[in-house]
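Here the chain labels run A, B, C, D, E and F in written order, and each chain numbers its own residues starting at 1.
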Amino acid sequence: MKKIEAIIRLSRFEAIREALAEIDVRFFTLSEVKGFGLQRGETLTYRGSVYDADYIARLQLDILCPNDKVKAIVDIIISAGRTGNVGDGKITVIDVDQVVRIRNGEADESAL
Amino acid sequence: MKKIEAIIRLSRFEAIREALAEIDVRFFTLSEVKGFGLQRGETLTYRGSVYDADYIARLQLDILCPNDKVKAIVDIIISAGRTGNVGDGKITVIDVDQVVRIRNGEADESAL
Amino acid sequence: MKKIEAIIRLSRFEAIREALAEIDVRFFTLSEVKGFGLQRGETLTYRGSVYDADYIARLQLDILCPNDKVKAIVDIIISAGRTGNVGDGKITVIDVDQVVRIRNGEADESAL
Amino acid sequence: MEAVFTVNNLWILVATVLVFVMHLGFAMLEAGFVQRKNVVNILFKNAMIISIGLLTYYLVGFQLMYPSDDGLIANILGYFAPFDWSNGIVDNYAAAAEAGSAYTGYSEFIFQGMFAATCATIVSGAVAERIKLVPFLVFATLFVAFIYPIIGMWGWGGGWLADLKFKDFAGSSLVHAAGGFAALAAVLLLGPRRGKYRSDGGTTAMPGHSMPLAAMGVFLLWFGWFGFNGGSVLSADPNAVSLVFVTTSLAAAAGAIGAFVMSYMLFKTYDLSMVLNGILGGLVGITAAADVVSGNAAILIGFIAGLIIPLSIVAFDKYLKIDDPVGATSVHGVCGVWGTLAVGIFGQGDFSFGTQLLGTLAVGAFAFTSSLAIMGIIKVLVGIRVSESEEIKGLDVGEHDMHAYSLKEDGVFQLTVE
Amino acid sequence: MEAVFTVNNLWILVATVLVFVMHLGFAMLEAGFVQRKNVVNILFKNAMIISIGLLTYYLVGFQLMYPSDDGLIANILGYFAPFDWSNGIVDNYAAAAEAGSAYTGYSEFIFQGMFAATCATIVSGAVAERIKLVPFLVFATLFVAFIYPIIGMWGWGGGWLADLKFKDFAGSSLVHAAGGFAALAAVLLLGPRRGKYRSDGGTTAMPGHSMPLAAMGVFLLWFGWFGFNGGSVLSADPNAVSLVFVTTSLAAAAGAIGAFVMSYMLFKTYDLSMVLNGILGGLVGITAAADVVSGNAAILIGFIAGLIIPLSIVAFDKYLKIDDPVGATSVHGVCGVWGTLAVGIFGQGDFSFGTQLLGTLAVGAFAFTSSLAIMGIIKVLVGIRVSESEEIKGLDVGEHDMHAYSLKEDGVFQLTVE
Amino acid sequence: MEAVFTVNNLWILVATVLVFVMHLGFAMLEAGFVQRKNVVNILFKNAMIISIGLLTYYLVGFQLMYPSDDGLIANILGYFAPFDWSNGIVDNYAAAAEAGSAYTGYSEFIFQGMFAATCATIVSGAVAERIKLVPFLVFATLFVAFIYPIIGMWGWGGGWLADLKFKDFAGSSLVHAAGGFAALAAVLLLGPRRGKYRSDGGTTAMPGHSMPLAAMGVFLLWFGWFGFNGGSVLSADPNAVSLVFVTTSLAAAAGAIGAFVMSYMLFKTYDLSMVLNGILGGLVGITAAADVVSGNAAILIGFIAGLIIPLSIVAFDKYLKIDDPVGATSVHGVCGVWGTLAVGIFGQGDFSFGTQLLGTLAVGAFAFTSSLAIMGIIKVLVGIRVSESEEIKGLDVGEHDMHAYSLKEDGVFQLTVE
């Protein structure tokens, strides 16, 4: 099994979610993160002091999946999450030893 | 060493924490995440427009531990975190290359 | 490739960021987490009931990097993130299968 | 004399506006003191209470409180009818002023109506975070229709307390203790919030979600109290109104100091929520005596009320295990009693401590038992408490399908708790 | 008589202060009903509107609305000049009172100025979250300089509606419907917020970011309405002002109940935002008739306004696909029309339903078309809508380089949306 | 004449209520402009200042400010005694009115007491986020007990500035500049917030945590200012009070425009915090001259104050490196001086620019040096600044063991910063 972590734009989330649903990936965990990369944050002003909001709000999508679905999921996220502008984000794939469903203790593939 | 990531219900957190303390696991990192799975969010209404809050607030517990403690921790989380209803969450175990304690540079098992 | 996850103090963030920039690590993802460890939270009072805020606000820094940069990054975080007091945090290194840049589908090292 | 009548009437109307603001004050105070997941619910209750309160008082309460004849039955129970519209108008201002009248019937109704709604609001904070919406609204309606007017009639509508020369200037007992004891009855029937009292005997702190809202509420209540006490002079008489302004303000200020001192002694910290409640305690405390004490006495009354607040809140919360999220029983109930008794101690005039004690006990007992009865019947018939799962996810989602602070931006996503 | 003049004048001034507070009420209501990313923008607009409004009314509006001669042209269009400072003073209070005057020229100006600014504020909520700042401020300036005063002059400045005995006590039409129809014009030119109407025909809910702010805004508006309606008696006459207080409060209360009932029927939930709008609907509804109806009629007028609110909001929002984040078109436009017509139905006196209908239609049509024209010209010249990317990231960052709720603590970090 | 007395007195009382609201305004403004971790602390200070202020003024300040005899020493230093309760009452209203009196002694005390507390509040914002609680409260007590009354006595209590015909209608200098210069002294002794001025010479932006609270605060201050300036007429005289309402409002409005223009020129953005401060600058600016200028002059005074605000704030913040989180030194100090001088420029009457300059400098110098002395002594004795670690984690947890916005829900968890 793998864990796919995708850092995406807030505004692409709905599209990605719908695209994933089409290949029957309906379960995942989201978190709100702050991205620092090529794309820079806004310039803000407060009482005359200008400062950069270096960080950009991003969503991190964590998807646990069997090895054979990784490619499909990655491809879907790339096509649905792309705007073509700097800042579209990254997808990371990490190997997972074990997954357990708390509700009934089912392990691994059957826990997904 | 392993990193255990458990996605749990907010309302089971206290019980899990106490159960973990009993097996002397007192250190971990928490984050607030949003879960999307079999359990669905509430239906909300705003000025006549009904919408689903698809996401459910969850806590993610990250625990770094030596290999030999993984089973005990996973079992404890399953027993303390279970309500039996859909939505109890998942536990993931990931292999970790290296852990370092920032305070003194101690590495691996002694850093835990 | 590796993913470095560093749990750090809020107040050391700026120093770490600057130190990382010096070795040309300018891209990363941040999240706000709550740490539970040796360092304990504040004691709070509300209308006469005293309670512990067991958790301490921490930042988690996720950095994707090629294998050969891991040591440099870890060392920098240790030196810039250290106060010497309990609670300075941990650095974890995890192996990553694959990284893709959503913008153009570039994979692995060239995606960083 | 027309001018005198006009200025007197104007003051009653301005005071009405100020008492109205107290409803905003209560709404903000209670919203600040509840958890984030129950904020819409408390706001909803406050918006409905002022509305229901005014309408009910118009339809029933006013005539019950100020019965127009004084036969035996009327003297005890009043009678049941809507506000008589034709009584609103004054034909000749100069003549009316000459005869000692200071305001129109409309002014009287609206000023009293704001008081009535205030009294029901006191209950809403104490039962917050677990009471069912509609049963509570039914209770509030019956409270404003019957309980409050009957109590009010006793003291202000020519009833038996008035006959005994019981002194309660603007309602330490008739409004505040009445509300506070009704709240106590409701809380006892309702039980504590889930998780408040742990199996290990400990008490869980359940901090309010917003101190700025709570502080704003208290400032607004103090603001409105100038109308509550000042308007209770029932004319714009310069000496009386200005005296009341001074005593009211000094007592509120001293209440803050009292709560500051006592909460520091008890908790070794500077507890904002206690100082805020201390101000309210001082205000409630001075309300019975505001026109018959000197500045020094007002300071003492307020200061003692301030000292009482942390003691009383801790006593209810920790020892009696009576869970009142906003401290209404202490602020309005306990300080209401204290204020009524204070007339017997500090009041310049012919006041009897015994009568004051009798009066406040009678008011408290009647408010308590009648509320217990009404709420108890509702409890048996339809239940008064939300389900456990609703309590966990919060009444905002449970009763109102809504979040107080939306997390949805542009349709991106929306968070549900559990 | 000097005293009578003084007390009358004092009431107009106190009412001015209360109407001023309505601007805070609008600011909080609108801030609560917009998304978190557009809060600074709406606060900025509200702070500027009251400021621009008062200055513009001083420089142009007042003289246009209350033309001092009544020649033919003046009677239709008024004329253009700043407030005449020398007209502010009254030389002999007693003599003025004898002659039926109740306040100084300064008092008249400042009371009317607060009204004028109010009317412009109504528009700001409806166009929130997507209008460009400076074009909006230009529109608001022209609106207060010309549209509002011309309409006001028709009804209150001796114009043709006054001649027809059109009755609009405090401005259900002349202020509220005028604002509401201007808002409608602006919204039509502007289009809905991005993502509001989906390609699948559905409507996206875009919840306001803070219900406590919205609730506070409504309570403050009710508070201010005592001055808005009460002050429109234009003296402190005890019967008239107290009557207006009662009818205004009862209608507001009944509006809450009406919206409670109707929104429960429609949505099967207790919708706080509807009850809040229901209170406002009741207030707008009673505004035309507040001095000529009984309590029962006031309750009916308010209750019907409350019933209208959810229906109208859903009709605009879902069926007509007119996107108005705060419901200004329903609250001020629709209930403004209803209130004006209600005079013809319930008003005790010589009122004609036909005249009321004519008047409110004329006001609505003029406000709509003139706003359409002005806003249309601005749209052609410089554009009125922010760019799509600015709308996504929010107007706070886009127009003001600022967050409403800063995420920066001690220089640690600062978050940007997208 | 009784009616005249009553209406005059009533206005002073209503104005008192309005000035009271300014404390809520300050509390909200300051809470909005500080970081989230210091909100409870600023609310606590505000709740205590009004309380301590009223009590202190009762016990010491009032008699010092309005000494009853006018011997040599009294004329310079006044004397020390509590408010004389028996002076509160007026025996015969008609006779008093005949003799030119307009209010009771109680009214005078409570109106003046609200002013005194206001002046101390000004300091609290400037020293926010790093001052120790108890030392600050001691300072505030001494400030209200001695510094403010002595300054007030100079100008309003028959002191040497009054003798020189120094004109300061409602306190541009005697209240605002006094507060502003005291704030400056405190800030200098205290030093900037940690991290505010970086080693690279740059200035770190430390945005306030809530713009809605800040905006609400400013609207409430404007609201209260109708009482502050309008009440300073010290009667309900129709011409005078209504004139003051107009000039006050126009200046506030023009202040917004001035700050809008200047901040756009300086920063190329529409800075809400500057426009809000601009309104306050306009209000402070008109306060000295509100009863002796025309509408046009009021607009000019306010507009210039608005222009000054961004310049002054940037000058203090960036160039002088004086760290004042809410801009009190600019709003109250600099605009207070400007307003006092403006009397000499625009005032219709016999005013001397020289005297105005002398007066405002004397007030500023005395407030500055005496505050420096008191605060300096406290600093030496017990220290005035919280520890660095407390500053990092915030004063809410450090001084009050509390969060402003609790993160705890149902005992789930509670977050601590660092």
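One rule holds for everything that comes next: contacts are C-beta pairs under 8 Å (C-beta built on N, C-alpha and C of every residue); 3 or more make two chains touch, one makes a residue touch a chain.
What you are looking at is a predicted structure, and each value in this text was computed from that prediction instead of being measured.
Between chain A and chain B, the least number of touch steps comes to 1. Matching residue numbers shows that B-E is the pair in C-F, B-D or B-E whose interface repeats A-F, with more than half of the contact pairs in common. The pair with more inter-chain C-beta contacts, choosing from C-D and D-F, is D-F.
We define each chain's centre as the mean of its Cα atoms; on that basis chain A and chain E are separated by 45 Å. Between the Cα centres of chain C and chain E there is a gap of 51 Å. Each of the following residues of chain D touches two or more other chains: 3-4, 6-7, 10, 14, 204-208, 210, 267, 269, 271, 273, 392, 401-403, 406, 408-411, 413, 417.
Contacts with at least two other chains are made by residues 10-11, 30-31, 34, 44-46, 51, 55, 94-95 of chain A. On the side of chain D, the complex with chain E involves touching residues 2-7, 9-10, 12-14, 16-17, 20-21, 23-24, 27-28, 31, 39-40, 43-44, 46-48, 50-55, 58, 83, 85, 88-90, 93, 103-107, 109-110, 113, 133, 210, 213, 399-406, 408-411. Of all residues in chain C, those touching chain F in their complex are 9-11, 34, 41-46, 51-57. Contact residues of chain B toward chain E in the complex are 44-51. Remark: chain F residues 1, 3-4, 6-8, 10-11, 14, 18, 35-37, 194-195, 204-212, 215-216, 218-220, 222-223, 226-227, 230, 236-239, 241-243, 245-246, 249-250, 252-257, 260, 267, 269-273, 275-276, 279, 294-296, 299, 392, 417 touch chain E in the complex.
Every residue of chain D that touches chain B in the complex is listed here, in rising order: 392-393, 397, 401-403, 406, 408, 413-418.
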